[in-house]
Amino acid sequence: MNPRDQLLDPRLRRVIGVGAVIGVVALCLFGLWGAPPDDRQGEAMRLLYLHVPSAWLAYFAFLVTAIASALFLWPRTRSIVWDRVAGASAELGVIFTGLTLVVGSLWGRPIWGVWWAWDARLVTTAVLFFLYLGYLALRRIPGDAISTGKRNAIAALIAFVDVPIVHFSVEWWRTLHQKATVFNPELSARIEGVQALTLWIAVLAFTLVYVYLLDRRYRLAVIDDVLAEQALEQAIKIRTGDNPGVGR
Amino acid sequence: MRLWREASLVAAKDLRIEARSRIALGQILPFGIIVAILFAFALDPDSGLLTRVAPGLFWVTVLLAALLAVGRSFAVEEKSNARDGLRLTGLDGSAVFLGKMAAIAAELFFLEILLGIAVVILYGVEVNGVVVLLAAAPAATLGIASTGTLYGVLAAGLRSRETLLPLLLLPVLAPVLLGATRAFEGGLEGAPSDAWPWVGLLWIFATFYTAFGVLAFGTLWEND
Amino acid sequence: MPLVEFHSVVCLLGTFPALAGVDLQVEPRDIVLLEGPNGAGKTTLLRLIAGLIPPHSGEAQVFGLDLFKDRRSARRRLALVGHESYCYDDLTVMENLQFTFKASGVTGMEINSVLERTGLDGLAGVRHAHLSAGQRRRLALANAMVRNPELLLLDEPHAGLDEEGRACLHEIIASAPSEGRTVVLASHELELSRQLANREVRVESGTIVKSGRGEL
């Protein structure tokens, strides 16, 4: 019943886990002390070391969800594995999207002077957050594995194809109608040297964390399924216990 | 051919039920108009602000009304378990999708005309570019109806459907609200050149999700 | 070839095993009586045969079609009278029947003759919402019959019917074999049903505990 108990080989997972820890420690060291403050943004620039990788992973996670959902819908590749991957990745995607928004807001306060601005990327990310929140709410509703799997997969694809449309329309809206702007291009950070290195470390560390968490979340889904199966066997026993069926 | 025949059968059935029960006209339309009036309470009607933001308020109201119309379309199928009856007829899922979508779109379009007249009167809006409005409104309506029908069947039969439907539907419709509002602004200001790209976006959205629904609805409808 | 062939079929309602391993065969032109206590799984069994819900495990075929692969194809050949009428409140009796008739794409059945057989001839123009409970049961039966089904599934069809309604129901069941129909009937009206059925199946706790020709 469980086509794949572990998403990753346990040894590989341990390597990735250790790599993630090292990456995060290195990111802390470089991000807080190693990299110099930006000459225009000052210390606030350090928030970009969290903001950029979480934004990248948010999009990446939703891409993984979409691919896994498509693989689930395709009859030849249909497997509960893909439904679990889609769900696990979407949960991580929502967390990273939330992190992107929170960190972006914290960064916007000192740099732009406001907590929130109607910047195209910000708006797109916010819509994305709610799109996938809805998807996760739908996923929580139980049912038969195959039919709920298809339902989830279709909902994921509806959301995913909306992403470029949202992005495109919001981008268009903001560029067509932008008036007095809080965004001064002079404030953009120039990233080079140690700063660029730190950013690369951040992206790598976050990606490793994502892969590790994806594996762990997958494992949780497997355990949930095993428990549900045991409960079902028990329920069948209780239901038929006192009257064994007619022989074949 | 058979697809169209079956779809029009479903659409005619839904529209006949709607014509008899008059929920759209007797409840959803008054709801839309009271929302339009409440917006005037919230935004000072003397400052001219209301006139400027009228397109946005109009489409927000339409979206809220659409949530009710979609909910109603699937509530009809739940009473006396008619959904099972409809499934038992062996009708193709794509036909059911197109039929229900067409009925919702027709109801919404009808609502938009009446609500539009109300908004013109209440907010003192001047209509200049009618052609743009007539090109944008059907596209936006089909976009709302197609995604609404898809998510309507996803949420139908679930215990949390009333709360789940808005959460699922509204974020997906963000581009439609944006596009329809900009297109209407352009149309009302008589600057249609700003509006046409948005009309294009609306038609792409509607086409895309209609095609998606034709392909995917059957699976959701049959629950298999 | 049996019309219905089930081996160890498990069917879940949510996480509850409503059917916990069912073996059942229905031969053409059989009139099968399903009996058993409330909650035994009779309704689930009928809905499963009708293809409305998916089986969870086992082997399940209706008209030789595998229910795990295709639950839609067999539907045009069968009809189910469930606990509810499957009709729309705001449509009249005639409109409801016409919709089913057109949507099913059936041939060889006249709506008026079905109205007569179910004793609804005077009510054609009345909306479903205005029908009494007993009249709705008749409409449910008529709604199944307009589809001219080869396999007629009846879930507690006696409930709420008056003497005349029962007479109509029995006429339809009794003439089924001669019209080429097979009937599976779940009922608590055992005495009435046994006069009609040629096979009886006892369902308890989601399994079939007895099955045989004539009274068990």
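The letters A, B and C name the chains in turn, as written, and every chain counts its residues from 1.
As a convention for this text, contacts are C-beta pairs under 8 Å (C-beta built on N, C-alpha and C of every residue); 3 or more make two chains touch, one makes a residue touch a chain.
Because the structure is predicted, anything quoted here is derived from the model rather than measured.
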| item | value |
| --- | --- |
| Graph class of chain-chain contacts, one of line, ring, star, complete, other | complete |
| Centroid-based (C-alpha) most distant chain relative to chain C | A |
| For chain A paired with chain B, centre-to-centre distance based on mean C-alpha positions, whole Å | 31 |
| Mean-CA-position distance for chain C and chain A (Å) | 48 |
| Centroid distance [mean C-alpha coordinates] between chain C and chain B, Å | 38 |
| Interface hub residues of chain B, defined as touching at least two other chains | 223-224 |
| Sequence positions of chain A contacting 2 or more other chains | 143, 146-147 |
| Contacts with 2+ other chains: residues of chain C | 54 |
| Complex interface listing, chain C residues touching chain B | 47, 50, 52-54, 71-73, 75-76, 78-80, 82-91, 95, 99-100, 102-105, 127-128, 136, 143, 147 |
| Residues of chain A defined as touching chain C within the complex | 142-144, 146-147, 228, 231-232, 235-236, 239-240, 242-246, 248 |
| Chain B-touching residues of chain A, taken from the complex the two chains share | 127, 130-131, 133-135, 137-138, 141, 143, 146-147, 150-151, 154-155, 157-159, 161-162, 165-166, 168-170, 172-173, 176 |
| Residues of chain B defined as touching chain A within the complex | 147, 150-151, 154-155, 158, 160, 164, 167-168, 170-172, 174-175, 178-179, 182, 194, 197, 201, 204-205, 208-209, 212, 216, 219-220, 223-224 |
| Contact footprint of chain C on chain B as seen in their complex | 6, 9-10, 13, 16-17, 20-21, 76, 79-82, 84-91, 222-224 |
